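Worksheet: the structure to be examined is printed underneath.
Labels for the chains are A, B, C and D, by order of writing; each one numbers its residues from 1.
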Amino acid sequence: MVAAIVLNAAAIVLATVKSLSASYGGLFTAIGDTALVLFALDYAARIWAAPEDKATVARGPWSARLAYLLSPLGIIDLAALLPLCLEFFVRADSDWFRVLRLIAVLKITRHAPALQIFVAVIRSESRVLLSALLAMTVNWVLVSAIIFALEHKAQPDVFSSMPQAMWWAIVTMATVGYGDIVPVSAAGRVFGGIVMVLGIASVAVPAGILATGFSAELKKRRSMISWRLVAKLPLFAHLEAPRIAAIARLLKLDIVPPRYTIVLRGEPGDAMFFIVSGEVEVQIQPRPLRLGPGQYFGEIALLREVPRTATIVSVTECELLVLSAADFRQLLQEYPALKESIREVAERRVGQERPTSPAD
Amino acid sequence: MVAAIVLNAAAIVLATVKSLSASYGGLFTAIGDTALVLFALDYAARIWAAPEDKATVARGPWSARLAYLLSPLGIIDLAALLPLCLEFFVRADSDWFRVLRLIAVLKITRHAPALQIFVAVIRSESRVLLSALLAMTVNWVLVSAIIFALEHKAQPDVFSSMPQAMWWAIVTMATVGYGDIVPVSAAGRVFGGIVMVLGIASVAVPAGILATGFSAELKKRRSMISWRLVAKLPLFAHLEAPRIAAIARLLKLDIVPPRYTIVLRGEPGDAMFFIVSGEVEVQIQPRPLRLGPGQYFGEIALLREVPRTATIVSVTECELLVLSAADFRQLLQEYPALKESIREVAERRVGQERPTSPAD
Amino acid sequence: MVAAIVLNAAAIVLATVKSLSASYGGLFTAIGDTALVLFALDYAARIWAAPEDKATVARGPWSARLAYLLSPLGIIDLAALLPLCLEFFVRADSDWFRVLRLIAVLKITRHAPALQIFVAVIRSESRVLLSALLAMTVNWVLVSAIIFALEHKAQPDVFSSMPQAMWWAIVTMATVGYGDIVPVSAAGRVFGGIVMVLGIASVAVPAGILATGFSAELKKRRSMISWRLVAKLPLFAHLEAPRIAAIARLLKLDIVPPRYTIVLRGEPGDAMFFIVSGEVEVQIQPRPLRLGPGQYFGEIALLREVPRTATIVSVTECELLVLSAADFRQLLQEYPALKESIREVAERRVGQERPTSPAD
Amino acid sequence: MVAAIVLNAAAIVLATVKSLSASYGGLFTAIGDTALVLFALDYAARIWAAPEDKATVARGPWSARLAYLLSPLGIIDLAALLPLCLEFFVRADSDWFRVLRLIAVLKITRHAPALQIFVAVIRSESRVLLSALLAMTVNWVLVSAIIFALEHKAQPDVFSSMPQAMWWAIVTMATVGYGDIVPVSAAGRVFGGIVMVLGIASVAVPAGILATGFSAELKKRRSMISWRLVAKLPLFAHLEAPRIAAIARLLKLDIVPPRYTIVLRGEPGDAMFFIVSGEVEVQIQPRPLRLGPGQYFGEIALLREVPRTATIVSVTECELLVLSAADFRQLLQEYPALKESIREVAERRVGQERPTSPAD
């Protein structure tokens, strides 16, 4: 699908170059038509498959299909098909028809999940960003009026009307600076210099807002992740949200360098560890075991109150969430209901004689 | 009013285009005059209504009116009326008169409350921003002198005087780059390259300052919001500022994903919750109840020490402030005066048999 | 002095404009000469007065003078005098002589103390910034070689040598874009587009580094300020640094909105307050007393264990450092030596019957 | 080596300038050839010396050599030699051969260790940055199609094909703005203005992402540094990672101004100090002792429970990690194994009568 989207766009773009269009026109049309057919099949398949999506299955097959049709991605998928219908009514090589056919490139956003972070940041900072845009617009109108008053006499042909002055103002404030319209009078240039400093601000202000937004969003996502990490552990599953949050708060983040001995065989155990990032190696016989993000280790020593049963060494730099033995025991006392299930899990694990166990 | 401001600005701008001015000149004048009359009426109404504004009512009607007249928005409203008075003295289509008439666009800032955040950031960072501006100015003067020394010989017509060199320097340092004046000698270009890197710094430095400022301002506002949230709750109203702050500090922020069971009917209650953002659904009969930002739930179980009376599920991602049962009880012991009022509220709520209650 | 510096710079700049130079040449020379004499007097006065500076007095008058001579500001002050000496050797209106005379504008940095923050940020991030500069330089050389290979054939006159290609590359990477050299071949433009995205990165990377640097520097300065605030209080003066830091850590920052009742007459007191920013009004007879940043209030109720003796209301939004009664008492028990001096201060203050007292 | 790399690059660049090439062609060729030989020797030496590198010695000499050959720096070193081999097959002054010879400038990255921070930031934010790039690309294609539709009629020669429109779009969105292609129609300019605001966003978004990334990376590195500082102390060496992390967490960061008395001779000691940055002076006879980053002081008073034996004053602004006496004693009780080794160290130090001792 990604290939179809990219090839379709390339064909549409290259078809506008006369020399290429003459030689390969047929190929371009073929690619465009094939892509349209593929998009149509894809759209039909997605409508058909919508009820199989886990998140929407509870709502029944038709409401799930409707949900897809009305979702932003569903609307984009439909828009990508519009040229197919319109081809019978308008001339296929008109400029605006081409824009319509290129809307298909929006389909590619489906394959970039990190775009959600932008959407979240822009939504959460939308009020401030819109205010910045409004302030810029108000400045823009006043700046244009002033430069028009200053330069109209000196260059009656270039600064012939306010819209011309507004074109200069936006080109300058965005720091683009084509140079097609430039003030020449002394007063116009002094004012132009002030506008350029304003232009720097109009880049710096959204940069500042977005930096703050990304910082807040990522912090939120990370606290969410540690919350989810704890919520996923069999030990703590089925707890109420605030209890999970309380446990997540007991965990402390440690960063250890590569090749560091985190746990030493024979030492008394005083904490258990959840891996957030990086990899550790459990040095057991016959061959060492590697554990990665989401997995945990060191809990056997706490549950059985025995010395560490294996040495564990970091392979890469690791971020570890550490639960101290004291916190672990207090946790059991606070939630007596938890105690029983933990004992059960402990019994089972000790039976397996595994020093570590995957979280999932 | 917003429509009047926008139409007025559009009419003034388009009236400078000769072709449009010839055909629609009358219409543009009519719009401008109507807008001026509207602004005059608006101004009179605001003066009249000033004493009805809650914040200023205590000061008596005339001091309230004076406060409005001298406020920034009051001065802008007056400035927007100036053309009405000046029309009799100067030619209405002169360039500067147009600037005066466009001042009315500043009135639109009344409708963008988030602009306050900029004002706060710029005020709190003003010393650093002014220093950045000063440093840029000092650099600018020295850079201009050096490029003038380097290029004056090579291009005596283009770099004819220091002001010309200063125009080049500001256009380059602001990364606008019109291209109307460009160094051509080898030494001039080497130095020009260094100036461009300085130019990048002159964008990056204010961006960095503003990012820090926005981050600090938003943090301040958020702590203010949690403070105000607590101050608004009937339970904690009429407390001294530091007590409210102490309670605000006891609250811990949790983020739960959508469709998460926050409270389970029949479970023992160990915390109460205040909603900061998002929505939860209380699953009671006959139809579920939705609670939004500013409302709270889960307090009945703490007050009566009974199991949860209803299951509560998050509808969207929710930010919750959680007050643990232990903190809640300690709070009552610390402030005995609080205890009585809480008992009263508890009695009343239990009588109503409502598991949750709006905060306001 | 600031006026002399600015007038001197203006005279030098305007003297390069032929039309102005013809009419006002004498005036410009007079201003320049007067400024030079003033700078010389200023320099002599500063050398003379150096030993009166408190920070350096301990080192004896001559070492204090030497310290000034070798300080960055001392060197700038000397450099501003160089033209006076050189006038006898070189032609006074040569281009480089003008640069020398404009060095005097650097003297103005003495009057902008916030510039220290930049210096601190740039010094603390210098390793990362230099690495960014190095990476940019390496990119720049390779980019220039590639665009030269791509465009040399198409435009042998414009891209005539590597230095020309390097000029294009720096103009593009700094997003200045004069337009004097522009790629025209298809391959050149594709590569040019990639270079522009690199150019965005070369603006965004230093912006990111500086944002982080400012954030860290300001946090450091704020913790320093709260430390200094505590160190300045007579109550805690003469303590060891870590004790002051420990007390600074006990203080919690509260933000209260304007017109908020912080302390209510007759209520039991449970905290004392240090004002960081904003103003409060102590409502005592016959006329209310205003307290500003650095001052404190609410300590009498803690020392005498009596109810609040006056109502205190915030005038503006206030940032307050709050010391709880419990922390205050624990402090006294921990440091018995403190106890006696506090009792004394208490006795004296109660005798004065002042509910509040300035910190300094 | 750095000189060889820089001279080699300069020779290659200047050899493309016809006037210089005619006069100094032989010199440039000589420099280039010498540099190539030096690079070859350097490469051989590095292969030979690889097994002497501590980090790789455990793996045996040949696997260490292979590790170097396959490392990024090894590949760059090899690439810098390619011209030596190719010289026999292609014409030495061809444009692409020159690019190949300039690859040697990448060798200089070996000498900039702070580049690792970029690599770390870009890797950790790669998903978000790639999404930003994808969003920019999608916008770019649609923007080009729309501007082509708007301007094709007005300027059939300039906006002759979609690729031309795409060139305009990237030049504008990157805020470069050469001015070689500029919209002239009213609709084209209105849309151009919108694209410029998009362009500002395309600078601000990566700036925001990178600011967040640098902030997170530096925080991580700093926590790593305090961890390593503690891990390096003889007192705490040989502890498990989480114990070291626990100790690191007990330490509190204090910042003291220059010339501040941190410890006063004769006072009871209540904390020990580890220097993170800055310098302190121990005022002992006959001449004061200076301590710098990584060293510690004030532990004798804690170990022997005697008053401070020397006054210690900060020379510069210092960042100190403070371990309170209470935490220190609790540490000893928690880890009985530690107790013995501490007593031993204490005995030895008291015997030496040194008030402070370097950490390493």
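Criterion: a contact is a pair of C-beta atoms (placed from the backbone, for glycine too) under 8 Å apart; a residue touches a chain by one contact, two chains touch by 3 or more.
Predicted model only: the values in this text are computed from it and were never measured.
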Intersection of the contact lists for chain C and chain D: A, B
Interface numbering overlap (same over half, different under half) for chain A and chain B: different
Chain whose mean Cα position lies farthest from chain A: C
Separation of chain B from chain D, taking each centre as the mean of its C-alpha atoms, in whole Å: 36
Centre-to-centre distance between chain C and chain B (centres being mean Cα positions), rounded to whole Å: 26
Contacts with two or more other chains, residues of chain B listed in rising order: 163, 166, 175-179, 203, 207-209, 211-212, 215
In the complex, chain A residues that touch chain D: 9, 12-14, 16-18, 95-96, 98-99, 102-103, 105-106, 108-109, 112, 114-115, 117-118, 121, 133, 136, 163, 166-167, 170-171, 174-180, 202-203, 206-207, 209-215, 218, 252, 254-257, 260-264, 267, 270-271, 273, 314, 320, 322, 324
Complex interface listing, chain B residues touching chain D: 175-179, 207-208, 211
Complex interface listing, chain A residues touching chain B: 127-128, 130-132, 134-135, 138, 141-142, 144-146, 148-149, 152, 160-163, 166, 172, 175-179, 182, 186, 189, 192-193, 196-197, 199-201, 203-205, 207-209, 211-212, 215-216, 220, 223-224, 227-228, 240-243, 245-246, 249
